[in-house]
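You will see two complexes here that share chain A, one where it goes with chain B and one where it goes with chain C.
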Partner chain A sequence: MSLRLENISKVVGGETHLYPLDLTLEPGSFNVLLGRTLAGKTTLMRIMAGLDRPTTGRVVENGTDVTRQSVRNRSVAMVYQQFINYPGMSVRDNIASPLRIAREPAAEIERRVGEMAELLHIEHLLDRLPAELSGGQQQRTALARALVRETRLLLLDEPLVNLDYKLREELREELRHLLAARDAVVVYATTEPTEALTLGGNTAVMYQGQVIQYGDTVASFLQPSDLRVARVFNDPPMNMVPARLDDGTLKLDDGHDIPVPAHLTGLRAGRYHIGIRPHHLGYDAPAAESLAIEGTCDLVELSGSESLIYFRQGDYEWVAQMDGIHHVAPGEHVRMTVLPHHLYAFDDSGALAGAPERSARGEG
Partner chain B sequence: MRIRTSHIGLAAYLIFLILPLYWMINLSLQPNHEILGSFSLYPERYTFQNYITLVTDASWYGSYLNSITYVLLNMAISLTVALPAAYAFSRFSFLGDKHLFFWLLTNRMAPPAVFLLPFFQLYQNIGLYDTHLAVALAHALFNVPLAIWILEGFMRGIPKEIDETAYIDGYSFSRFFVTIFIPLIRGGIGVTAFFVFVFSWVELLLARTLTATNARPFSVTMTQTISATGIDWGLLAAAGVVTMIPGAVVIWFVRNNLARGLSLGRV
Partner chain C sequence: MEKIQNQKAWFLVLPALAVLFIFSAVIPLMTVVNYSVQDIFGQDYANAFFVGTEWFRDTIRDPELQAAFGRQLAFSVITLLIQIPLGVAIALAMPTRGIMVSVALVLVSLPLLIPWNVVGTGWLLFTRPDIGLLGVALNELGLDYNIQRNPVDAWLTVLVMDVWHWTSLTVLLAYAGLRAIPGAYYQAARVDGASRWAIFRYVELPRMRGVLLIAILLRFMDSFKLYAEPFVLTGGGPGTTTTFLSQYLATIGVGQFDLGRAAAFSLVYFLFILALSWLFYTVITRMDRE
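And now, the complex of A and B:
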């Protein structure tokens, strides 16, 4: 099935939640809705599901307009961020409920519930009530109920966000395998760029009620169409510094001058925003051409395997993402370098003007 | 030392609460001449004659059944009307919903006496006078708003996503409401039933005015113990004791949810 959204918008009480947008989701595709909270991901999903009516526009499923069709008659399954199960029913009855409503034969229900429970590793919990399960098990039950019916559209609204880190990784990996075998249109909302990249497929980047870029996840990550995508689709957000391009020199407003890197030589003279990914900043400076950025450290965040170092230079704030543990005391002087071929350039309107050439370097 | 002070306080409180109850039970087991003739802390000569009168005299047990009938009828009407209304208030936003919701409660603020004459006149004309339904409908005017308020509080505590999941799964509204939603708020329904019961069971003015003989409430029969020859204290006390029984039974069923019900379902 293909799902086409035509000129969809949503206004609630004079407040615009979604600006008019068009989006076509291919049959059997896996789609990520990526955006910060309040970007309109849930609003868009609810319209896709038929739970809410759009203010304007049509939802077209395989060429049929389903905008006004009741959600009961649509072939949709949805998993919420909160763990939503029927509290009065056992896990078995929870999973079986959509099949029972669809009047499947009892033996068939039994078989499919067992199969789904096994896939999600909750087969030993079938006779318990949802309230007796841990958060992860409750969400597995909700997932099983959504997956047990072969729906044409499967909506997952930040399904893993309320789980702890380890459980999230584990379930995400399982979900990827479960969903790969389906030919439904799958839509998965998340706020985390890393999650989008892990899941793959296509990504629609949402920002303040608009879809600002839609396309292959990895391609969108490497070629963000504008400044907003670059900020949303990188965690921590991409560093930005205004610059001026003139006579073969790139003059960053923070005072650095460097020769124009090879991949940006085609650009016309003028003002640009230069973007630097946090993980491209580092201490090591193997090459003479590398650009040095200095400042004073504001804060260091350590996670087990990497460090986020926040530092500022005048009015410019930077963040560097580095492997391993790096101790820098706040107030201490920091000197970081970045290779010029990693620079992104966005023109004055915010649109992407030049991106690093990926194939040559093997990474983005 | 502090423990002992609090114990004394509790004991005093308990005595104040229980003494009137005890006294009523005490009186109900005494013959009238003992009640009037002497002061006794406990019945010296037990008699069950008062209770025997209650269960053998048709005017007594008949009116008891009348009261039970219109109270149950009222509970049924109030819950049937209030459940869908409370669901609408808890789930949908519509024009004037908040005003309507508040206006419902203002119904409770009017004294029942205000509606006495209109009800009496209306029921006389349409032939409802002196029926159980007359009293049940009149009480519904006060109980439906209260029931909506309490139920709405309980329903608001159920995430809307459960409703949506059910619709996505293909449940029809009625099937979802009956098989999934009502079981989730059964505690709230019990508490609501309790409050509805209490109002209808103790309300005297409307019940007395809107009935004559066929649907005469128990409380009216109780007033007949007062006659020219004096007051039949023992019988009146026995009637008082049996009046409390249904209330005690209902409280037993809703004891776990009562506190939440008193805050109108809001926690």
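And now, the complex of A and C:
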């Protein structure tokens, strides 16, 4: 099935939740909706599912307009961020419920429930009630319930966000395999760029009720179409600094300048926003060719494997993401460098003007 | 690691416990026990003599009391059978958002705010066949409705009055239970294509189970202690057709001043409610564990 959204918008009580948008999801495709909270991901999913009617526009499945069709008559399954199962039914009955409603034969139901339970590793829990399961097991049950019916559209609304870190990684990996084997159009909403990258497929980046970029996930990550995508599709968000490009010199407004890097030489002279990914900032780049950023440390966030160092100089705030533990005291002077071939340039309107060469180091 | 046993904390709650036990529970209860095993006239302890279990045997064999007990049990069961489903139905029909929520909640809560004897008086006027709205209306319709004369009318009126007074409690509890169900459950059920009945049976009812069990427990115990409303409305009549346990107790103790029998009766009554409450509690906690 292909799912086409034409000029879809949603206005609730004078407040615009979705601005008119067009989106075509190919048959059998895996699509990530990436955006921060309140970007409109859930609203869009509810319209895709048929739970809500769009204010304008049409939802077209395989060339048929289904905008007015109730969710009951569509072939949709959905998984939520809360663990939603029928509280009064055992895990077995929960997984079987969509099949029972569809009046499948009993033997077929049993076979498919068993198969699904096995795929999701909950076959030993079939006789329990959802309340007797851990969060991860409850979400596995909800996933089994959604997957057991071979629907044409499968919607997953931040399904892993309420699980702890370890479980999330584990289930994400399993989901990737489970979903890859599907013919359905799969839509997966998340706030985490890392999750989008892990899952692959296509990504629609959402920002304040708009889809601002849609395309291959990795390509979108490497070539964000504008400033907003660059910020949303990087965690922590990409650092931005205004700059002036003139006479072969790139002069950042914070005072530092370097010769224009090779991949940006084609740009006209003028004002640009220079984007630097936090993980490209570091202490160790060779000083000769690299661009230095200096400031005063505000805060350091340590996790076991990496450090986030927030620092500022005047109005400019920066964040650097580095491997390992780097302890910097707040108030201390920080000097970081970035290799020029990592720089992004966005023009005055915010659109991407120049991105790092993909082939340089295998990444941007 | 060695656990330090320190029981000093008990001393801190001792004064409160002492007041609670001695003045509000033990002493009054022991007085009742005292009366139940002796023949004492009024406060004349000097002429009291021990009668053993005679009062208890009397009480249990009393046909009037057995009849009152039967009426009581029937009343409690029927009133629950009406109030719980009715309360849930009203809760399901209540608005879920907007200003109407407050309006509905206030309207539903009103009967709960009215004192018991006022309810009785209100219904007494309401049902009078000469001036009461309900009484006159029913008689105009050709029904011979009179709660002073007709036992069936009296019985049904007490039942309707109790339903009117107390269904609101179930409504409020059930409504709270319903509101606590996340919207995603309803969405998920719609996506599955589940019917309205299936949503009620497999989502709403299981999620409301806790509050409904509490409602049943509260309403059962409360209805077992029913006193003021029928006392005002019918005075237990006509005859003894609406005399429930507590009213019969009052007749013996306060009316006939038969303190020995009243004391024995009180203890049996108390133990019965205690046993029932224990039974409910056990069943509820066991069901919760399952």
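Remarks
The criterion applied here is as follows: the second predicted complex is superposed on the first by the 363 of 364 C-alpha atoms of A that agree within 3 Å, B and C clash if a C-alpha of one lies under 4 Å from a C-alpha of the other, contacts with A are read in each partner's own complex, and residues count from 1 in each chain.
Rule of thumb we're sticking to: contacts are C-beta pairs under 8 Å (C-beta built on N, C-alpha and C of every residue); 3 or more make two chains touch, one makes a residue touch a chain.
Bear in mind the structure is a predicted one, so any value in this text is a computation, not a measurement.
For the composite obtained by overlaying on chain A, chain B and chain C cannot both be accommodated without a clash. By the touch criterion defined above, A:Arg72 reaches both chain B and chain C. In the superposition on chain A, A:Leu143 makes contact with neither chain B nor chain C. Judged by the touch definition given at the top, the superposed model places A:Ser97 against both chain B and chain C. Legend: residue contacts after superposition of the two complexes on their common chain; A:Ala49 is shown touching both chain B and chain C. In the superposed pair of complexes, A:Tyr80 makes contact with chain B and with chain C alike.
Shared-chain residue A:Ile122: touches no atom of chain B or chain C. Shared-chain residue A:Gly88: touches chain B and chain C both. The intersection of chain A residues touching chain B with those touching chain C, taken from the two complexes, comprises 49, 51, 71-72, 76-78, 80, 82, 84, 86-89, 97-98, 101-102, 145.
Those residues of chain B whose C-beta lies close enough to touch chain A in the complex are 159, 161-162, 164-172, 175, 180, 183-184.
Those residues of chain A that touch chain C in the shared complex are 46, 49, 51, 71-72, 76-78, 80, 82, 84, 86-89, 97-98, 101-102, 145. Of all residues in chain C, those touching chain A in their complex are 182, 184-185, 187-194, 198, 201-203, 205-207. Of all the residues in chain A, the ones that touch chain B in their complex are 49, 51, 70-72, 76-78, 80, 82, 84, 86-89, 97-98, 101-102, 145, 149.
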